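Two complexes follow with subunit A in common, the first pairing it with subunit B and the second with subunit C.
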Partner chain A sequence: MKNFEMALPNSVDEAVGLLPKTLSDDRARLLAGGQDLLTEMKEYLVEPDLVVNLKSIPDLDGVVWASDGSLEIGALTTLASLEKDASIAAAFPALVQAAASIASPQIRSAATVGGNLNQRPRCWYYRSEDYPCLKKGGTECFSYYGKNRYNAILGGGPSYIVHPSDLAPALVALGAEVQLISPRGERVLTLEEFFVLPSEGDVLRETRLAADEVLTRIRVPAPAAGQRSIYLKFKERDAYDFALAAVALVLQTDGDKLASCRLVLGAVAPVPWRCTRTERKLAGRPLGEELVALAAQDALADAEPLSENGYKVPLTQGLIAEAFEALTI
Partner chain B sequence: MSARDQHGLAAPHGEFQIIGKPQRKIDGATKARGSALYTDDLCLPGMLHAKTLRSPHAHARILSIDTSAAQALPGVHGVITGQDMPTPYGVIPWTPDETALAVDKVRFIGDEVAAVAAVDEDTALCALDLIHVEYELLHSYQSPQDALERNEPAIHKNKRGDNVSKRVQLDFGEVDKAFETSPVVIEGDYSFHGSTHAAIEPHCALAQVDGNGLLTLWSATQITHYVHRALASVLDLAPHRIRVIQPAIGGAFGGKSDPFSLEFCVAKLAQITGRPVKMLWNREEVFYAHRGRHPMDMHYRTAADESGRIQSVDAKILIDGGSYSSFGLVTTYYSGQLLTGPYDFPTYRFDSTRVFTNKPPCGPKRGHGSVQPRFAFEVQLDELAVQLGMDPIELRRRNSIGPQTMTVNGQRITSCGFDECLEKVERASDWKSRRGKLEQGRGLGVAGSMYISGTNYAVYPNDMPQAGIQLKVDRSGVVTVFSGANDIGQGSNSMVAYVVAEELGLTLDMLRVVAADTDLCPVDLGAYSSRVTFMVGNAAIDASRKLRKLVVSSLAEHWEIEERRVRLVGGEALDLEDPTRHMTMAEAFQIAEVKHDTLGATGSYNTPTLGGDYRGGSIGASPAYSFSAHVVEVAVDEETGHLDVREVWCAHDCGKALNPTLVAGQIEGSVYMGIAEAIYENHQTNRFGLHAGPSLLDYSMATTLDTPEIKALIVESLDPEGPYGAKEAGEGPLHSAIPALSNAIFDAVGIRLRHLPFTPEVVLRALREKREAERQTASPGNNP
Partner chain C sequence: MVDPTIRWKSRKKLNLLNTEYPRVDASAKVTGSARFSHDMRLPGMVYGRLVMIPASRATIESIDLSQALATPGVVLAELAEEDKDQVRYLGDDAVVAIVCGTSPETAQDGVRAVQIEWTPEDNMLISEEQISAPDAPKINRRGNLRQSGERGDAEKTVQALGSADVQVSATYSVPVQHHLCLETHGCVVDYNGGDEATVYASTQAVSGNPGSFARHLGLKSSQVRVVCQHMGGGFGSKFGIGLEGAMACRAARQLKRPVHLMLDRKAEFLMTGNRSGSRQVMRAGASKDGRIVALEVEAFKFGGTSGGSLPTPPYMYQVEEAYAKINTVHQALDGNRAMRAPGHPQASFAMESMVDELAYGIGMDPLEFRIKNLSDEAHHRQLRRVAKEIGWDVHPNRSGPGKKPLASGQRPAGAPLPPAGDHWKEGIGFGVSRWGGGGHGGARCEVRIDSDGSVTSSCAVQDLGTGSRTYVGTIVAEELGLGLNAVKARIGDSALPPGVASGGSVTTGSVAPAVQHAALLAREALEKKLEPVLGAEPGAYTFDKGRVFVTDDPKKSLSWQEACALLGRDPLVVTGKHQGKLADGGVHGSQAVRVAVNTRTGQIKVLDMVAVQSQGLTLNRLATKSQINGGMVGALSYALFEQRVLDADFGNLLSANMEDYKIAGAKDIPRMRALIDDDDMRPTVSGMAEGTGVPGAGAIANAVYNACGARVRHLPLTPDRVLEALKDA
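The block that comes next holds the complex of A and B.
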């Protein structure tokens, strides 16, 4: 790891003042729990001169319930504290399930929500210092014709990474918004807008976060009456592992019909993959096997697997079916 | 083999006091408390730290190396390249194709090119960046097929001018005739992927040259003696000027059984700089050092009669050796020679070819050379059982070879508890009432295996003993055991302590074990081929009985009684017939010392002449064989392809279980390792030869969460030549875990997995193919 200086700002304004103005300038990096940033630095993927430690800023940690039943999560809240929060478990089961599925207890006690949403891809071409891949400013996405069993089947091109965050699909499904602060002030985006496909934005990044911006808070709207939610993650082993595929599902029923749902897939696309068309098709249909089959079929209808990851299609379909069955049967 | 090598099964006096009872490991407490010293814990005054420069290319000629800038960096004390140690070596003396650092060529990404000693690791790493190497790239061989088809450029020079590392073709009996006349023939292709050991302690070595020019090397090795020999040859230094010591080791599993580059580099750098030099490889480097399980492509044919009796087996095996020979000669033999039990078949043929490729070198991993063929063959036996409509346990029972027999390739089987192994797993898993009656998606599978317990093939030819023990007695009652054996966590130091304590009537706290130090200990050949308990155990009995004789005869004279009345037990000596006469062992030793002068004894073991009378007949010929049977219960999620291994029953015939707790530990560890490499692990490189994930995050291994319930069932067929009848437990119980899993998956969902590893994608694909095949046969168009 290269030597660096560490800044301990006292406020968000001070922190953003230390950040570079342009995305191409990577001399400074934000540090939260360090579970991703430090591994990147140890592998020489990033070599900042300045590390801005958000942990010295008061009030970015912890959750607050608003009177309308919505939940505000500070960016520095650890995954471990989310996972153990009984009131969140009652209101947003998918969020707690997603948090609990991440890494190991040791990592979750340091890892933060803000860091989780801003973590970088796990594609092994990206993570290997030896590959000048597209995500590191190179000209090619090696996974397209190389080893791609963990890569994208939806929304790929020109980069085929999958977004590794488990919180992201759950929070997108729950309709969360994020608050971003920069020297220009504050803005709020839906989390869904926050993530960008490589074909739509800067291929070096996964989000719309500006170079001098910090994600400060996440707001999860109050659950609608009768709202149910689930997060299912499929890993190759039971110990810590990234998902091969994941499904976040939030729905409400109306008698024996599905009133509405939000279906978001994880680990299959460069962003949390919202299945808007499928959601629309499903709304108002009677619950039952037919609905489950339609959901599984339609959500993956556009999948374009690479040479080694075709298995993700039936795998994700299986998870979608399990998710609907768990919430409606 | 002489009388000294056989000691009978009986306890020294009546009942066993220590042997056969659960005991702690003698080093358990120091390891649990963190006070055991591993190589990296050792620090010497003035010590330098070394690092290795590695090849970024899979296959290239080195045109030039410029180390001047690295030499000039402040803090750097020594830089070496292949030219400093050009003498080739190899753990098998017939295939010396490795050098400490690459001399003219690099053969895989990660191959060692240069080494730097500096005041600290950071400085050494900076210096590596300053070394300029000019390479000329060569065609890199990434598949064994490519290496077979193409000869130029050869990875290593040989007389034939090809890339073949070793080929073994052996024929026993009239195979073709057996296939022509047998009513049932099963044929198929199977493959085993690569996996690595991933011991928790990375390789580490520390060297010091003292004022007299004596070189001492501390190294995390499981073969002190061979490292000693290789160092002498490569450094061109008289062996008596070298001392090799193995400190506490954090696991090895075969991954530390070759001499490694870092051992030569620290020694050379210590000679050059005059200061102690240490090198610790990081996890990434351990993945490059590899020496793990060989990938194998295997074609098997089995012929049987209608009753299920096997008539012949015919195997053709292509072995991906990676870039160096390592133990490859033995691997190639083992891939065929070790298949000939626990079943009796009258004819057999195998044709195994190991080829070089430009990948990290393969070597011995727990169950060396025979885990892969065992997988293929035991799956094929399951297919045979299905074809015959026979219970797969019954099929195995019907072919069981039994004790006091000779295998088709001339291996002498003495004790054999295989039938009991089958019976135990059948009963424990409730096989008869549960198999075929489980809910959809759940299944039971069985497999059996056999493994060696030592080999009479000493890696270099010699007639000296294969194992030795020396005992030294102190007037306090302490007996120090000097053992050449490498304790790699399997408990070999504890084992010799149990044996000596049993023989001399001592308590375990009266023993000290000094091991694996070439200056202090007699030679043992190392921790491999499951040889240590059998050979070193026998040597320990041999030494102890000589010492006991001195003590007993002195006491008999002292008490003026017959020798048979003298009993040594629990740290005391007593007269069996007169309870008033007793003394501590310390006093007993003192009486013996008066009579015999300074007390001590040595003991040895050598194998009898074994093996078939043909070239290579002694490779895989063992003084005794262990046997295992596994039943695996699996639940298959047909939607996601997820395998949930619910329970594994493993019955293992280890002969006498000297310490049942350690035997159960070895069984559990073996089952864990086998299931993990079948489902999670995959040691892979991409098409350029770059390792696909040299970290414990990317190379996923099973943890406690992924480990099934394991029932370790010990079977004790007392072996006439083993120490108190003991054989081995460290490697055998891995083998049949993997085919039993494949067979269980077949039982659960009807898919036959012949190619490892069993990832979700493999399971899903097989399920889809099965559904498609069913649809085809069911569709009316095909069924007019």
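The block that comes next holds the complex of A and C.
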């Protein structure tokens, strides 16, 4: 990788002060656990002159339960510590399941929650320096005509990446918000708003994070009474792997009916893909096979597979069915 | 002079051999103290990196090395070939320059500073469409697609097909597989000018390589020593020194300082060979009573610029009338090299699948169908054994896929269970192998006994991870009645008596007999020293538990130390050579697999694999089981995950790292049971490991069919293919 300087700020304010003001200025990069940034630097996908190491800032890691039962997660909290937290597992099973599904124990011990949400795509065209793809300022998404078995079936165009985060679908399903801090102050977005489709914004990025902004905390609202949740990740192999498809499902039942649910798909779209229409259709329906079938069918009704990834439709439908069955049958 | 009726001790009398014992270098490997070629750090050493053009076909306009040479820390940057103006294939032909730097980082900076102007050609000659285009350039002088073999009578085969009770037409294909040596190819050349060099090479042929390195160093074979104490995998791809070895020598020769040149993973994938792919278009017929009456095959081998490998069908099974036509397809890609039973896993996957399809086609138990069409008794007994172990006798679905989940009692006790849910279906499949192994002449082993009782056994042979270092010591310890670690084994150094190249699973059959011969010679020479002291003639002694006895008068004895003290100042040194009688090839293996398939998502979970393998006398049962497990792991990975991904439009490799080229990891490994076939009572040794990787992929595919009716005819068995095949189930 290219040589760089590393800054060790003592506060978030100091850190954001070191960041460039515009997105086109890529001389500085934020470092948390380093599990994505360092690989990008080793592959020469990014070549910052300055790396701002957030690990020197106190109080950005760890979790805090608020009196209302909501959970605040510091951006530097490691995936390993989330995965091992019994109280989180009790309140938000999907979150712990998602954390535990990521990469390997070695990576989870270093990787952070903030880094996981801000990680870049895994598409092989993006990750290879040989391809000047759309995501790197080029003019073409090579996966569209090329090898695309792992690419998007929903929400694609002009880029067809899938968002690789496992935490993101789980946290969107749980209704999480993120706190962002910049020299202009603090703002809070829902995590759902935080992610942007390539057709909606800057194709070079996957989020609304400004150039001089840091994601500092994630707030997960208190679980509603009777809330159940699950995260199912389909990997091509059981050893560490990114998802081919994933399903995060949070729901409440009312007797033998589904009261409400939040259904979010992972690894099938450039963002965590919330199935809002399906959620509305399902609310109030009786539990059972019909509901499961409707969920699976409706959630993928808009899928537009590329040449090699049509299999993701039945695969994701299978996962949705498994998720509903696990929580309701 | 050793008795011309030389033989191994009878199995009953063995104390060490044929038992389970750990490898002598196990702790060094686990703790990291074992030094691999990659680990060598020498005074003044520089790091070499190769510069490649990332395209299979390109015209080179210019290469400017000036900025590389100006990079701080770079000590050498030069063209691979003067006046090279074209890349003809994506492999070592795409290497255009070498850069050496005082650290890996500076060398890499130098590589990036090389300015290359190149233009991709219109046709990258990768896809079959590209290579068969009317105006496609020829990759090989004989064309891009050519017939390379033919056997059998086409007409008679068609007639026999017509007379069959059941006919199956199917096309099977397997992709190119990488060797994926954890330690990449390369070497460290320790040369500082002058007339001697030592090369630390990751090689399967320590004794065979000094000459190749010497040529590139401008030296003679006698002036170059090749050392390989430990290596991280070869699998058939590390016989020669490769372009990387030649370039390292060239740089060391110019710089007169040591050069470390180990390939990075991408270069490893691009230029160190692979297992060729294949497509086999088959028609076969069976009679109702379970005979394979006809097999017609048109096969295509995909070996890049090389020929590919595939044994001419029919593979393994007896077929009454067969016709095979073999074609070689050339692509502008790295050529295939030998890899773990070259050609056999490809042939096995197609044939075991077809055998299964025929068996189910006539409604016959696929186990019985196999036994009926295999001629070797060893396979019959082995298949019955693995069938029992995997639970075939209590399996309810022996003539076709079942509809319901298995009930308790329909699996053997202790069988791993599938995940819960009716959509998880469970099935069993089989496969068999035969392999050559055995040994050949050429290996020598020196045994030295010193008066302090220490014993050294030396042979240049490399240890690819099979345990050769261990048996070079333990064979001698067995003969001299000593303990496991009493004999120091010296291997992996061309200065020692020669070993053989490790290919075809012949290392054990070639080296172990020479070690045993040396052990017997040493024992005989020591007995001569004992005669004046203990009174008995050579041949009348027993060596056991660190003592030497007169066999007929055990009161007359010496401790090992006392016996060796008789040697005085002169160590006892003998050299043994290969003894044909001590080795014999021809080994058999049979495997069975239990899988679970998720019919919603297409996920396959292998639950249980069992292999039984013959080899004659086993030198180390633990190491042999490890080899059998390794064969099963390799086959599972080949069956489920591995595939090279290329973008044919750009002539470039997409699966250029171990994230995108997926292999089985620890969590993908099911219960595996490696059973040694002790019914093979031959008093001879043989390697067997290559055979163990052959049947697994076919057995897994057959188990998937047995589970859910999805016949997947293309490897790897990824969820998309399972879901597609389920549509026809």
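Convention: the second predicted complex is superposed on the first by the 329 of 329 C-alpha atoms of A that agree within 3 Å, B and C clash if a C-alpha of one lies under 4 Å from a C-alpha of the other, contacts with A are read in each partner's own complex, and residues count from 1 in each chain.
Note that in this section a residue touches a chain if its C-beta (ideal position, glycine included) is under 8 Å from a C-beta of that chain, and two chains touch if they have at least 3 such contacts.
Predicted model only: the values in this text are computed from it and were never measured.
In the superposition on chain A, no contact is made by A:194 with either subunit B or subunit C. Of the two partner chains, neither subunit B nor subunit C is touched by A:231. In the superposition on chain A, A:126 makes contact with neither subunit B nor subunit C.
Looking at the shared chain after the overlay, A:92 reaches neither subunit B nor subunit C. Touching more residues of subunit A than its counterpart among subunit B and subunit C is C. In the superposition on chain A, the residues of subunit A contacted by subunit B and by subunit C overlap at 124, 128, 130, 146-147, 149, 234, 236-239, 241, 244, 308-311, 314-315, 317-319, 321-322. Chain contact summary for the complex, subunit A toward subunit C: residues 44, 122, 124-125, 128, 130-131, 142, 145-147, 149, 234, 236-242, 244, 308-311, 314-315, 317-319, 321-322, 325. On the side of subunit C, the complex with subunit A involves touching residues 54, 112, 421, 423, 598, 600-603, 605, 640-641, 645-647, 649-650, 652, 654-656, 659-660, 662, 664-668, 718-720, 723-724. Chain contact summary for the complex, subunit A toward subunit B: residues 124, 127-128, 130, 146-147, 149, 234, 236-239, 241, 244, 308-311, 314-315, 317-319, 321-322.
Across the complex, subunit A is touched by residues 56, 637, 639-642, 679-680, 684, 686-687, 690, 692-693, 698, 700, 702-706, 759-761, 764-765, 768 of subunit B.
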